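Both of the next two complexes hold chain A, though its partner changes from chain B to chain C.
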Partner chain A sequence: MTKTRAGGVTNFDAWKHAYAARAENLAVSEVRALFSVVSRPEVVSLAGGMPDVAALDGELIEKAFESMMANRRNYALQYGGGQGDLRLREQIQGIMALEGVHGSVDDITVTTGSQHALELISDLFLDQGDVVLVEAPSYVGAVGIFRHKEAHIEHVFTDEHGISPLALAEAADRLAAEGKKIKLLYLVPNFANPSGVTLTAERRVEVLEICKERKILIIEDNPYGQLYFGKEPPKAIRSLDDSNVVYLGSFSKILSPGLRVGYVLAPPAIREKLVLANESAILSPASFAQMLVSEYLSIADWQKQIVTFRDLYQTKRDAALTAVEKYLPKIQTTRPDGGFFLWLTMPTGLNSKEMLPLAVNELVAYTPGTAFFGDGRGAENIRICFSHPTAENVGVGIERLSRVLNQQIDLLETFGEGN
Partner chain B sequence: MTKTRAGGVTNFDAWKHAYAARAENLAVSEVRALFSVVSRPEVVSLAGGMPDVAALDGELIEKAFESMMANRRNYALQYGGGQGDLRLREQIQGIMALEGVHGSVDDITVTTGSQHALELISDLFLDQGDVVLVEAPSYVGAVGIFRHKEAHIEHVFTDEHGISPLALAEAADRLAAEGKKIKLLYLVPNFANPSGVTLTAERRVEVLEICKERKILIIEDNPYGQLYFGKEPPKAIRSLDDSNVVYLGSFSKILSPGLRVGYVLAPPAIREKLVLANESAILSPASFAQMLVSEYLSIADWQKQIVTFRDLYQTKRDAALTAVEKYLPKIQTTRPDGGFFLWLTMPTGLNSKEMLPLAVNELVAYTPGTAFFGDGRGAENIRICFSHPTAENVGVGIERLSRVLNQQIDLLETFGEGN
Partner chain C sequence: MAALKVLVLAGGISHERDVSLKSGRRVADALTDAGALAEIKEPDGELVGHLMATRPDVVWSTLHGAVGEDGTLQDLLQLAGIAFVGSNSAGARLAWNKPIAKVLLAREGISTPQSITLPKSSFRELNAESVLAMVGTELGFPLTVKPAKSGSAQGFTKVSEPKGFAKAMIDAFAYCDQVMVEKFVEGTELAVSIIDLGDGPVALPAVEIVPESGEFGYNERYTPGQTNYYVPARLESTVLEEAARIALIAHRSLGLSQLSRVDFMVDESGKPWFLEVNVTPGMTETSLLPQAVLAEGLELSDTYLALARLATKN
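Our next item is the complex of A and B:
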């Protein structure tokens, strides 16, 4: 038995000599280690990043299925094209238009969730050592992919208005001066995972200019854009430019992640390669799931369903912020205007990863901030996902968390760091 | 406008400077170029490799859906674990047992079709220049993946009894002597795509021994094993050894490819990495499709459905062989005991790829043999897929094909090569 990088115990491996170099970079994520904990019913999980699918109107899914089986049965059960179903791509145009994004159906590729779009894009662009610029913090699933591609992940200073254009230009120029190839800027501009922060309209323009000048491709990942509370976020960066941005969207948060249907809008030459990469990896996106989504979009009032989600998540966000104010007065939090997450910052000296077992002991789970950095930072941060538990349980979970956290703060204040 | 490797015209590419080295190896497959042709209703397509999903009992899918929505709705619509649903993995154990394969549920990973299992395995093992040994010919989708990973693809002599153990040992030793790292042997031992050939029981033992001695991991891809006509194929290579074989299975041919549900059984240490790679690429396999398959397996007489498929494909195979004998007397064909394909060998000097436009002109499509080689061979071969058209159309298609082929043979016999 040997120890894995991530500290787990693994079986003796007779094939150790045979792995590719990049296989070394597959690490157990902090999020994954929590899955077994999360499934215990007595634990309130503020970890994960799951939508509240119970709020989905099941009857609409049933009607979509019936309609699909009546009208497109043999297409749904068969292999399809590598780019995805044409009718679904037309419907995706309508969804993207809500964010100000307009693109040809020819430039949309349907993927196995937007995660696979990011995997395909990364595989297409990243040689070992190439730089990907990301927010600080950044989405754990993106950090994992970039690490797997042996990329250099550079976190750029990010505040409550999103990534800093100044810091972005500085980082790009510094790394270029070091002789590094800067390939991608990866961003979640709306209600980011994990920070909850939204990039301002002004900064979107600046970020685009900085990247255009330096020929850095922007990967704009926008799963949460429609889940705003109150006013809409600024239009997508892709709405400002069609040749320097690859735009990722998903049905995971406005319909269901269990279907694994996402999409990517890319400039024609990139899209051409994306389709080939998609075919190479999975032959064709699942016809069944695509056509179910397509039928749902054509028969259901899906915009009303999104309004339902918005109201629900806003109530839960309010419950989360109220509980943080009440139970965690010494903790800083972001105040997101949409999406799924709060990002907490604890006093220096506390360690969210080390604290997790104590929290689980109090029957609450969260994701330690270290999961969202490729460089070891984040120990003082906690990501709270408020979207999945009930609003009541969001409050209960934060109250439980406070027992651990406030005790740790007391210890820190009494004895100082490293007690 | 520039020419792609595969000869197509592409858009001007502003990102040409930025692609990863491996992106160069994404080529348009011969199979793909046919998709647009195939969709014209007047063309009989003997190309593709599609099951006849019209023979599937739709009522059973409907019942499975209803049961799933009644009992597991919120699981089906939600993210799942990266390894796949436990109940489905238990059911997969029962399916694998039909091939003599026994493994722990812990060592099964559910994937987005078995294609994605092959992609993940290849990504895990193949550095640039590593050798993959394959049959001659080999599955086009596998050749595509190995090429994309920048591997050295070595075709090993294959006859009507499957891959030759003698040639396999010779190739492995020759390449090892050249200093190459031989990582994988990829095989479709039952009713292979594209040859239709089945590896004998004796050779399975020999192939396993050869690979064990040389520490070459066997990737046994078995999508067609249950689709035998008459007697069962020999037990899987994995039934003889649990530590040197990674076994791939799929629901695409016994249920539906539109669901994209496949699986991989791998030794524990490899499986551990596979699950991480699966999570990195797609977060989790589609819960919805998995649970639909699981419900189908639990409520339907799925073995009876397989018998239906067997009988249907046997009738079509018979129609194909009868038509080849009648219309293509000068052409050699394999005589498969199961699966989807005939592999035709034409007289030396003919070129199946160049002949394809003439065939399409006669309203029939096929896949040129070159698609199934990574080294340019196959010009004298044609893959005929008999599974998808009606038995009558299989005959019609081969009759149409004979008009082109026999004319080409006449020309060749009259004027010799290169006329």
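Our next item is the complex of A and C:
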């Protein structure tokens, strides 16, 4: 065998000296590694916030694909405009109107999922140390972006009626008095990820007023609004104001996250910058995916599909709540009227992040509450996603989770809460 | 010579699945480069049938966690008469159980930090607070708390003061029903890999581990750039020779075969303290054994193929 290399020092990253300071925030984590196990079929995953795409009408998707290839193939396979396909944007207008949101087709920008829209907005508005106000807890993907932008993430007290206007005003005034620049309020007002709670109509008005008075831009992220169980949620905040709100929507939950198509409706000045930023980042959103969505919306009864999703997720939500009541009687849970998630609160002293390896051993996975806070909180919380497993498996997963919790409660009692 | 059919086992239902998959892909790629026919397979309900139907020339397991490291897989392969790279079930069992391995090596005159192993059940009968107070007093702080049977760094905590002791125990019990509390040795962290290419086990150049954060945790192990590795280690040659000697004793006295990695702390006086031995060392891009192989001047692909070929003759 040949000699290849002499000894020396290595850290396996020859470019460590060259990274931007913000790249320091990017590191592997044990929790992320644990999610690798979730893909095993033996494991019931209550972790990832995934829709049940098996409930889609596959034939309709195939028809949409065939129609696209027959009628718009050369457009679908070509670069597109930075703002997105015009026909799709017109169709998006119709979807937004269902929630009282009206805006010019010129003010809509198609993005690679609404996550990309959030990235673009954060890039436009956030300098290091700028404040973003968010719910407590808040969406993990948003927390990740804001953290990467080195923003100050301020969680505002949130209860079963959504973010508290009183706490919002207090936080904004306190931070302003400290000399901080408060740039954004990020909200998922309908069936929030991860808490499942919905902001009441009264609070929407109050939140808007508080932000307008203080010139804080509201980022209203609404991927779940159409997925209600029974009663519709209140109209979007954007329906009340078109200058102080940037509205994000997505096809990930009402159609397919694999297509990665989302959109943002923004006031013209912001929209102008968003389009330029979009072009700068990706030239154009994927034409192929946009046109497939557009064809689907043209030929399919997509509202009927949404009704199918609502019924399905309601059944799963019921299964989840029944299982929590049966197996986890000491655990508090939210009772969402739509969306994908339950938010559990465990007894003091339990740590959901540290419990996760035990849960994986019991063949169930969830997302620890710490993922949804930028300030280290959430150890006593668990997010349960009921949308993806079958209703039966939702129950199985929660029963398995109860075994883990009981073991942990046993350990906690053994070692004491003051450990 | 016909191409060797190697089934690389990787993944599994374990919190180390991700690391195992990375190790498996590295091994399979290196074997393929050397001309072997390497197939990666995750253990599942079809594994036994797959093994019996395909009868690979040799199995190379990079499975971390219980099934891959506690002797179970090795037992099954031995029963099926299928050759595999690495130690047999008896050796794997001894190495997997850290407290047992420490006892056996102490009998060989090897220094290993004072420790105590505490099963979860014992705390139900004894008062936890008083047990931990006594252990803390006797071993002194800092000390380390780790699952008695586990790989990687998960469940490991260095405890500097009594306050964090109970929490560290709860963390470790999340990974194993037995926890080992060990006196912490200040000094230099060192790993000595052993390979046997047919002429008997050889200690490869020792790798000195210097994590930027000061602790060699999960992030430091698997995020490139978080840890500096010195190969060979920047220690006196007499110290390195002593570490190599101990590593070889550990490999032999536990009855290990072909490859292993022995972990040490070298104290300020230059004395190497044995911590544990691993029969399924990590083989990822940042892992220690591949670094030692390269530092020895060997090609990974040639070395892995040689190990696989030799396994068929054992």
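Here, the second predicted complex is superposed on the first by the 391 of 419 C-alpha atoms of A that agree within 3 Å, B and C clash if a C-alpha of one lies under 4 Å from a C-alpha of the other, contacts with A are read in each partner's own complex, and residues count from 1 in each chain.
Assume a contact is a pair of C-beta atoms (placed from the backbone, for glycine too) under 8 Å apart; a residue touches a chain by one contact, two chains touch by 3 or more.
Predicted model, so just to flag it, every value in this text is computed and none were measured.
After overlaying the two complexes on the shared chain, residue contacts for A:358 are found with chain C alone; chain B is out of touch. Partner contacting the larger number of chain A residues, of chain B and chain C: B. In the superposition on chain A, A:27 makes contact with both chain B and chain C. Of the two partner chains placed around the shared chain by superposition, neither chain B nor chain C is touched by A:251. Applying the stated contact rule after C-alpha superposition, one finds that A:341 touches neither chain B nor chain C. Once chain A of one complex is fitted onto chain A of the other, the partner contacts of A:191 are absent, as it touches neither chain B nor chain C. After overlaying the two complexes on the shared chain, residue contacts for A:414 are found with chain C alone; chain B is out of touch. In the overlay built on the shared chain, the residue A:302 is in contact with neither chain B nor chain C.
Look at A:276: by the touch rule set out above, it reaches chain B but stays clear of chain C. In the superposed pair of complexes, A:224 makes contact with neither chain B nor chain C. The residues of chain A shared by its contacts with chain B and with chain C are 4, 10-13, 16, 27-29, 32.
Across the complex, chain A meets chain C through its residues 1-13, 16, 27-30, 32-34, 36-37, 40-43, 351, 354-355, 357-358, 360-361, 363, 408, 411-412, 414-416, 418-419. Across the complex, chain C meets chain A through its residues 11, 13-19, 21, 42, 44, 120, 123-124, 128-129, 132, 154-155, 165-167, 169-171, 173-175, 205, 218-219, 222-232, 285-286, 291, 294-295, 297-299, 302-303, 306.
Considering their complex, residues 4, 10-23, 26-29, 32, 35, 48, 50-51, 53-54, 56, 58, 61-62, 65, 69, 73-82, 112-113, 115-116, 119, 123-127, 130, 141, 144-145, 148, 181, 183, 215, 217, 243, 252, 256-260, 267-270, 272-273, 276-277, 279-289, 291-292 of chain B touch chain A.
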